[in-house]
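First chain A sits with chain B, and in the next complex the same chain sits with chain C.
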Partner chain A sequence: MGEVEFLNWVRGSGLNIAIAVFLLGVILRLIEIYSLGRKPDLSAPRHAAGASGLHTVFRRSLPPPGMMKRSPVSYIGGYIFHIGLAVVVFLFAPHIKLIENFFGLSWPGLPSQVVDLVAVITLVAMVVVLVDRITKPVKRFLSTFEDYFTWTVTFLPVLTGYLAVKHLLLPYTTMLALHILSVEILLVVLPFTKLFHAFTVFGSRWFNGHLNAHKGVPV
Partner chain B sequence: MRRGLSVLHRAIHKLEPLRRIYEQEYTLLGRLAKMVGLSKPVTDDELEEWKELVYNSCTLCARCSLVCPVGNDIVYMVRKFREGMAVSGHAPEGLIGAVTRTIEIGSPMGVRLPAVQAQMRHVQDETGIEIPLDKEGAEYLVMLSSMEIMNFPEYLSAIAKIMKQAGKTWTLCSTAFEATNAGIQIGVSDLAKVIVKRIVDGAERLKVKTVISPECGHAYTALRWDGANLIGRPFTFKVLHILEVLDEFRAQGLLKTEGFETAKMTFHDPCQLVRRGGVIEQPRNLMKMVVKDFVEMEDPGKYNWCCGGGGGVSANEEAEQLRLEAFKIKKRQLENTGAKTLVTACANCRITLEEGLEHNQMDIPVVGLTEMIAEHLVETPSAKS
Partner chain C sequence: MNRRLTVAEQLAKQGVSRRAFLKFCAAAASLMALPPGMAPAIAEALGKRTRPSVIWLSFQECTGCTESLTRSHTATVESLIFDMISLDYHHTLMAASGEAAELARKQAMEQAGYLVLVDGSIPTKDGGIYSAIAGVTNLQMLKETLENAAAVVSIGTCAAYGGIPKADPNPTGAKSVQALMDEGLVPRKPVINVPGCPPIPTVITGVLAHYLTFGEIPELDNLGRPTMFFGDSIHDRCYRRPFYDQGKFAKTFDDEGARKGWCLFELGCKGPTTHNACATTKWNNGTSFPIESGHGCIGCSEPDFWDAGSFYSALSMPTTPLDLAAGAAVAGAAIGVGVALANRSKKGAAKSAHQSAGLADLEK
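Right after this comes the complex of A and B.
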């Protein structure tokens, strides 16, 4: 397969397969989780200010007292790369164009130079949190193959995207094809790994907040 | 056996076998993997190895559940895991004993009604106040923990004095005096249900309006939050912790105190009362009534650090070493306050703290908040007969 055929495949069949697996996977996982259901709580509720599912959704986005000092790399690095990923995915003009082609939705993007800079910062932050994971005994102990695997499939799309835009390392066409392929791998993997937290994080925060709000504890 | 705190004791690691069971039984891919033999089954040997992590090194304090950015209620999952551990025969001896005694005798420490009656007589002689038993139609049913019956009889005498001053009717119950629930700690819901049902039956037989949970953290969780769910219907009475009752009395002007403690004092928040119970402001209101120099520990209220003996750990001899290790956090916090007296509102915290302090040769008395309040009650002429 030549590089043009490769690019055509990842743009055509490859993308269709990836999106199909992604969508079916997301639906399957959501059904698996939400069909577990929950029983109504029969104990008499207590009400307290600031205690609700929604409060917890927002509150858990901020470090609890003392935790920033305990684990600065996790929090700061975590914020940077999550926000960075959102910026490069959703505010890069060619990505917006692609989404517009698919769904007809469009919004203004950021200048290319800004997105470039954000991509570099994101890559650096991801490397820093990876090094932190490997060097801190507790984090290394808790890390499994899945943790390193999901890190890799998240890192590669940003890296190949940046290299493609900058015309570095490989011919543009090849690098673009690799970039699209890496995104497809990410899409296929996401529903079945920890990366699915993208879909469950607010639900689980809400659930925890809701259960504790019943007891009048703003968690 | 492992010694000391280690990376193994990280909360989420304790759940690894449970996570695999979830994956293998409740997800499609996991089930497929299991069918073709690609997944690692959870074995008895593995569960036995995990006993230390699920029971000995977890007090169900739920600080992990409070700080998890993803919002996982890790302790809720540990409790689920314990359910599996208990039915598969991997619960620790100490807890099995406590549950068996609660079911067969009526209390985890083997306390029977005559022991309660002896304490009642003792308190009656000391205070001159009659301790009512099985008084139908009383407003409050007062529950005890065996720790209070055996080690802290001051509690019952405090209740007698406070109720007398507030002019409230109350009673003990001969068929339900024990409030602790080792069934919850070990993780067997049907036994937890049997224990809760005794209290429900007693409260309904005596037609009380409110059942007062004693100074015991798990008793409160068991009765206030788990109870109705265990028996499968809402209660016909209210459940309040004694501190909630005292704070209500305070707000209604029914709790009149005089004088102040002069020593610098701090309050240890029992996990089940605060983080898992929502009784956060009441102890502070009450402390301020009788303590001039009240200092908060670092991380007060819902962020408190456990005494180290919750969740059945204090009943589990295998966990002792680790418990004393974990106590170092409490020790440091306590030393930082410079307090001369430590006040709390859970008999289990109290005994754990006393043991920890003694082990570290620290001369700091541990006091129950209810009895401290009772010591400051304005004496009414009829209080002594």
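Right after this comes the complex of A and C.
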């Protein structure tokens, strides 16, 4: 298969398959998770200031007291790469074009030099977070194959995207095809790994916050 | 038997001055990205060579490649190149017809070491019957002609990569010259691909000039194209590139962005994945190239450009409709409901199997 044929495949059949698996997985898991339900809590609800689902959704985005000092890499690195990913994915002009094609929504993008810079910062933050995970004994002990695997499938699209734009390592066409392929792998993997938190994070925060609010505990 | 004239002799015979010849050599040197000081060396090398015989075979093609070469605005470079080769067979340009034409090809083939130029792809399905010249299929003619050839130049995307005849569903089983060699259907010879639909005239002549000057094939990229002409992408050499970097894109062919000359990426420009010399050499005697005229690059010098989705959909867009998505969503919902029901029944079973422990149980 030549490089152009490879690119045509990832832009055509490959994307078709990846989106299908992604949709199937996301819908399946959302129905599965939200249909589980819980027994109704029959106790009289208690009230406490700052205890509600909505409060928890926001509060969990901030480090609990003292934690920033104890684990700065996790928090700062985590913020940087999450925001970086959002910028790179949603504010790079070719990506916006793709989103417009799917949903009809579009918005202005950032200049490519800014996106380049954010991509580099994101990559560095991800590497730092990985090194931290490997070097801290407790984090290493808690890490499983899935943690390293999901890190890799998240890292590769950013790396190949950057290399493609900068014409590094491989010809642009091949690198672009690899970039799209890496995103397709991410799409296929996302619903079935911890990466599914992209869909569940706010729901589960709300759920925990709501449950504890009933008991009068702001979490 | 006639002795073949050297290039210098031929030019003198036609009244081309030494000065005009040197000018041509300087132009050829700059085309090949060689220092200007190389011009006299080229002149010497070219002058001494006998004019090599060239057989131009036109197969499944539209004659656009020949049109491109012969209709170039200034004929100087192009006509000189034809004075330097002996174009013994080209069924569009030659005066002879019928059996006399085929005889010319057979005679040219008697002396080994000729150059074969091919434009058009070669049909292979059903014994290659879809295109024939003088009752001989293209496949058979190419096979015969390549036997004693020194090298092949595949002119245009059809000969180089199959082009439009090979586009899906490829009803004639069209193949490129290189593909036929890889499958062992024709003799293997060195191949230079000069793709484009059509190729830039000066690129065709530049490749020939290089071959004549150095007597060897130039450095090629992974798709068999001379890197001196196909080394850069259109996007990298595009004068609209700064707008791409600034995120300024024309949204339609008639909006303010289009009038201001912003990047045509969103209108489907394939410049980023296309390698050709359009942005530097340009067309019509250096007048402009498609992007300069307001239309995105269609990627015509790349394999399968015809099947790479619409010319007007951006490179980041899917090439085929995502027809599996709806089915997958329904399947996902169905499996999700199935899993939910299974979980429910598990919960129900656990509930009904639950036994309350009383005081009596504790005393057991």
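One rule holds for everything that comes next: the second predicted complex is superposed on the first by the 219 of 219 C-alpha atoms of A that agree within 3 Å, B and C clash if a C-alpha of one lies under 4 Å from a C-alpha of the other, contacts with A are read in each partner's own complex, and residues count from 1 in each chain.
By definition in this document, contacts are C-beta pairs under 8 Å (C-beta built on N, C-alpha and C of every residue); 3 or more make two chains touch, one makes a residue touch a chain.
This one's a predicted model, so the numbers in the text were calculated from it and none came from an experiment.
Within the superposed three-chain model, A:S112 lies in touch with chain C and out of touch with chain B [touch as defined at top]. By the touch criterion defined above, A:G12 lies against chain C but remains apart from chain B after alignment on the C-alpha atoms of chain A. When both complexes are overlaid on chain A, the residue A:E32 reaches chain B and chain C alike.
When the shared chain is aligned, chain B comes close enough to touch A:R205, but chain C does not. When the shared chain is aligned, chain B comes close enough to touch A:L142, but chain C does not. Contacts of A:G104 after superposition: neither chain B nor chain C is touched.
When both complexes are aligned on chain A by C-alpha atoms, chain A residues 28-29, 32, 36 touch chain B in the first and chain C in the second.
Contacts from chain A toward chain B in the complex involve residues 28-29, 32, 36, 39, 41-44, 46, 48, 56-57, 60-61, 64-67, 78, 137-138, 141-142, 192, 197, 200-201, 204-209, 211, 214-219. On the side of chain C, the complex with chain A involves touching residues 222-223, 233, 235-236, 244-247, 249, 265-266, 272-273, 302-305, 307-309, 313-325, 327-329, 331-333, 335-337, 339-340, 343-344. Interface residues of chain B facing chain A in the complex, by the touch rule stated above, are 7-8, 10, 12-13, 26-29, 65-73, 76, 224-229, 232-235, 238-239, 274-278, 280, 299, 302-303.
Those residues of chain A that touch chain C in the shared complex are 2-5, 7-8, 11-13, 15-17, 19-21, 23-32, 35-36, 93-95, 97-98, 101, 108-113, 167, 171-173, 176.
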